[in-house]
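Sharing a structure below in structure tokens format, with a few things to ask.
As written, the chain order gives the labels A, B, C and D, with residue 1 at the start of each chain.
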Amino acid sequence: MVDAILFLLFAAIAVVCAINLVVQTHPISSALSLVGVMGALALIYLQLGGEFIAAAQLIVYAGAIMVLFIFVIMLLNAGKERKLPRRLWVTYAGVPLLAGFIGVAAFVIERMLPPSPGAKFGAMTHGNPQEIGRSLFQVYLLPFEVTSVLILIAILGAVVLASKEVE
Amino acid sequence: MQQLWLIPLLPLAGFALNGLFGRRFSKTVINAIAVGSVLLAFLWVLKSLNSLGAFSGGGLEVPHVEHYFTWIQSGVLNISVDFAVDRLTAVMLLIVTGIGTLIHIYAVGYMAHESGYYRFFAYLNLFMFFMLTLVLAQNFLLLFVGWEGVGLCSYLLIGFYFSEKFATDAGNKAFIVNRIGDFGFSLAIFLIAIHFGSLDFGSVFSQAKNLPIETSPGWITAIALLLLVGATGKSAQIPLYVWLPDAMAGPTPVSALIHAATMVTAGVYMVARSSSIFLHSPMALEIVTIIGIATAFFAATIGLVQNDIKKVFAYSTVSQLGYMFVGLGTGAFSAGIFHVMTHAFFKALLFLGAGSVIHALSGEQDLRQMGGLARKIPITCVVLLCASLAIAGVPGTSGYFSKDLILESAYQYAPWIYWVGVLTAGMTAFYVFRAFFMAFTGEYRGNKHPHESPFVMWGPLAVLAALSLGGGFINIPKYLEPMFPLSEGTLPGFVALTPAVFGFAGIGLAYILYVLAPGLPESIANAFRPVYTLLYNKYFVDEAYDSAVVNPTIDGSRSLLWRTIDAGAIDGTVNGVGKTARSIGGVLRHLQSGYIRSYAGWVVAGAILVVIVMGLKGVM
Amino acid sequence: MNFFIVSLIKSALVAFVLLTALAYIQWVERKVLAHIQLRVGPRRVGPHGLLQPLADVIKLLTKEDILPSHVNKFFYFLAPFIAVMFALISIAVIPFGTEIKIGSFSTPMQLTDLNIGVLFILGLSGIGVYGVALAGWASNNKYALIGGLRSSAQMISYELPMAMAIAAPLLMLNSLSFRELVDGQGGFFLGFIPRWSIFQLPFPQIVSFLIFLIAAFAETNRVPFDLPEAENELVAGFHVEYGSMKFAAFFMAEYANMVTVSCVAALLFLGGWQPLWPVEYGSGFVPTIIFGIAGLICFSHALNPARPFDRITLPVFGVVFLGIAGIFLIPIAATILLPLFWFLAKVGIILFIYIWIRGTLPRFRYDQLMNFAWTVLFPLAIINLFVTALTVALTSK
Amino acid sequence: MPEISLPQSVPLTWYLILSAILFTLGVAGFLFRRNVITVFMSIELMLNAVNLSFVTFSYKYKQVDGHIFSFFVMVVAAAEAAVGLAIILTIFKNRQTLEIDEVSSLKN
């Protein structure tokens, strides 16, 4: 009962924010709504017992990546998208098509997923940092290292791209 | 474990060092690496053989095998990288590393003024690596690796002076001719894998021992003959011997090491190694014998009239290899190996001596431009004399013992082969001493200023001289008896004497013709002009091959393959494909708007389609 | 429902205490700065200006609420709320002391004991940036924008060394819940050196403590890292367009962040409510002695008062102090209050350091700031973490 | 009006459907927004949706792997953001625009 209410609440927040992200014409509004989505998702992760992932979601996504976005938006002082005379069918057919597709997807998921006990808060206890750390540094050690290398490369790339030499 | 892997790995390390960084090294460093690695390998051979009891009485009767790792594992076929040492391998190891060390040392002096110094030694070390792999290998595939590797190195080293057209041509010739042999060899390996289900020497030969002897040609004969094809390629036997004389284009140490002492004997080694296969196919043995004797004879005849000192020795190598094959074919495998060893001694010595002469004359190879060198370069003269005596089979010298053993078994096999062999021995003595006399006696005919070689060069020569004189007293056949039982049975006394007699006759004849009556050979040559030309042009074999094989191939490939198939069919298809693609692309091009979002739109459309299909499937 | 009621009571209590504390910290700051600069500081409103904060609050509440015409209204209003909200929330996972036991009922002195409390704090501090950034952007003013940019960049940059520095004690104590962390720091080496993180071998813990403190200064935009609101460069930085209560919100947020950070520092490095030396050597009487002395000083001053009304006020304070000193002697109260005392003492010291440094140090230049973060602090933190990890790996059986 | 009865526990399909919705919205944003940064953020939204389903399945099978994967996704997203934003900065430097359709040199 409580779980359901909470989930619906967070889900509502997430969806509303996501829609807002799409419809807003100003990047900073979109960015903030994306942060909202992430927050809601973090709470949902908590509900699913993913403590560490929830925290990581907040720290990495909301706390770092999105701040970077906002930083860039502010730096470029990006304005609203200028309105284009967009074709009618996009506006008037796009939304129903979207809804229809989502319906189909939902139907597919409902049909294809074997029935399983629903989610209750606290039923999943594997998401704590200890477990994550254990499997991260034992089972997934190599991927982990590789990712770190990837990050390094990304940093270098970013530095090179953003350096002054680019004219 | 004796860490046998160290033996080939040491030269490989040398190759890696010199090959990668040699450009920056000073010559001393390069020498240290190149010679040092081979010397270390030699010492390691001695150590491991000693600790395996190879030098004591009963040691190594059973092979000592070391398994390193599984190389290929497919179905029943399980090929692993193993090294093994038995008495045969021990002999070969000692020859290869020992002679190799000496020749490396010699090369330091010989190559001193050459460019591409580090390249030369890198190749030489690489060759040592492959040769040792070949010798140590415990299965056919690994042996084949070494086999091909030495082929490669010989190609590289023949073409060492790659700025010279003839050198590169010779290299190509050697490589291509060897391909033919290797083709046969690989077929043989396939057959073996099919019929024995393994390539490991141990299992193959133990199975082979239990097979019946094939009176009528069967698959054993096929295997044996294909192996023989490979051997003829590598060991320069008829019909594939043509590459060896040209191979003299390489630097002399190479000729000595690869094309006299070690690589060319690989075929002999291989046949001896698979003796238990050959022994089950008398027909194959017969063919081996015939090829051997034929090669020995013809090569000797050609050698009679050559004027290039290295050419002379090259043909004598071919003919000596023929002897070895006679030994193998007539079932005296140990005699063959024995001859391999002695031949390694005196032929290496001959080449190195020749090299020393050439060095002294700063590049002159034509015998007619020499003469009277005995006083100018005495040491070289002496050592070459020793070598010549040995190859001429003068009693007491090493050549005498081995050749004699071969001829004895030949006599037991079929007397006519014996007589041909004896005749060849006579000719051998003749042309070797012809070369010797032309070079060292009489008046100097050239216009260079001969100078004696440095110690690094004549030091090894001295060692080899000692070996080629005394090497015959190392009783290899006795040593190899557990593997190749000696044939007993008494022979008429003259069998052992006649070769020596013929040898002396040849020497004497050479002395008469080239020292006492220098004008005589010319008149003889004029008297038998056609024969002379025939011999001088090596029976026109090269020309025959050219017209019979090479040119047709070239024409065929030019007219048919190139013009018709390549230009016409293949290019046509390719271009056609290109054209169609372009026309289709012309249509599809309009999809490529350059707008990321339109691309993404297509992707999404596809994804939606997939989802819907999946959904329908899920529903149904 | 019991749980809800208790939580309600506790949160109300904490909220009240926290807000008052914030107000008074500001008073303390003004006083201390004044004394550092040989001034008297606020003294008009109430004795020693003790009622100054109240006056400030009233002023801020009653000021006219200006809404600049050129701002982006939504974000303009949103920003201060974000700032203050996330600043205040983070106090929820901070434990102030051990369990309170009254009869059978017992509850921790903490709103909620999250087993990932540390991560929680980090995450919130990460989100707190938005307040500043948005404020800077929404005010549509170049000074504000620059201030916002600076602070967002600065906060991202300094979060890494901070997290690294935090990681070191976490490694040693092997937990993410503040309560367990503090419990892990209980006990003493050789019977008298406390097992606090900064005293832990590998000794670089002192390094990580310093790194954390520096990073914390930057995170809270305090001197010497207060570039986002550098008055003499950017007028007032990101909150230049804000007045009255919205300004107060930013103000509160800053001080709340200070408090949180100090609490975290105390909990992670200074052993939370663990006493400085064992009880058997009488660490239990420290508060009594301190407050007692304070009371006596008040009385001695009351004997020759500097101002007429000191004759009344000082004795009152003296009595209050002595009363507190007395309370610490009551065993039951002591069990609850002693940890509280130790914890608050440590937090207070760190806060004092904050103020002290503000009174002492000049401001960085921006490039120096960034350089310092990435070329000094970050590598240092990594090395420190590495050494710690190594030691832990070697010492742990 | 019919009174709705909420289940005691949340069916996992709800999570998946939520993730589907978010993903679709992300796609929509990707397709219909022209501002590079917004497009980029739509991608992040999609990634988040995927993460949600990862975590959900990790709940379904009571295993931690799903969390690990979403963790990796986050890391990759971070790297992507770093590089992507750098690229955006460069684009802006070179063309003074964030309109994705004006960055169409690929055409012809």
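As a working rule, contacts are C-beta pairs under 8 Å (C-beta built on N, C-alpha and C of every residue); 3 or more make two chains touch, one makes a residue touch a chain.
Being a predicted model, the structure only gives us computed values, none of them experimental.
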- Chains in simultaneous contact with subunit C and subunit D: A
- Min route length, chain touch network, subunit A to subunit C, equals 1
- Message: Which two chains have the greatest number of C-beta pairs in contact?
- Response: A-D
- Item | Between subunit D and subunit A, distance of the C-alpha-averaged centres to the nearest whole Å | 5
- Item | Centre distance in Å when subunit B and subunit C are each reduced to the mean of their C-alpha atoms | 86
- Message: On a C-alpha centroid basis, what's the spacing between subunit B and subunit D, in Å?
- Response: 67
- Residues within subunit B bordering two or more other chains: none
- Note on the structure: Touching two or more other chains in subunit D are residues 32, 34
- In subunit A, the residues touching two or more other chains are 52, 56, 64, 68, 73, 75, 101, 105
- Task: Return all touching chain pairs.
- Result: A-B, A-C, A-D, B-D
- Message: Show me the residue ranges of subunit D that touch subunit A in the complex, using the header's touch definition.
- Response: 6-18, 20-22, 24-26, 28-29, 32-35, 37-38, 40-42, 44-45, 48, 51-52, 55-56, 58-60, 62-65, 67-68, 70-72, 74-83, 85-90, 92-94, 98-99
- Query: Touching subunit A in the complex: which residues of subunit B?
  - Reply: 608, 611-612, 614-615, 618-619
- Item | subunit C residues touching subunit A - in the complex, by the definition given at the top | 75, 78, 115-116, 119-120, 122-127, 129-130, 133-134, 136-137, 145, 148-149, 152-153, 155-156, 159, 163, 176
- Message: Under the stated contact criterion, what part of subunit A meets subunit D in this complex?
- Response: 1, 3-5, 7-8, 11, 14-15, 18-19, 21-22, 27, 30-31, 34, 37-38, 41, 44-45, 47-50, 52-53, 56-57, 60-61, 64-65, 68-69, 72-73, 75-76, 78, 81-82, 84, 90, 94, 98, 101-102, 105-106, 109-110, 113, 116-120, 123-124, 126-127, 131-132, 135-136, 139-140, 143, 147, 150-151, 153-155, 157-159, 161-162, 166-167
- Task: Within their complex, state which residues of subunit D touch subunit B.
- Result: 27, 30-32, 34, 39, 100-101, 104-108
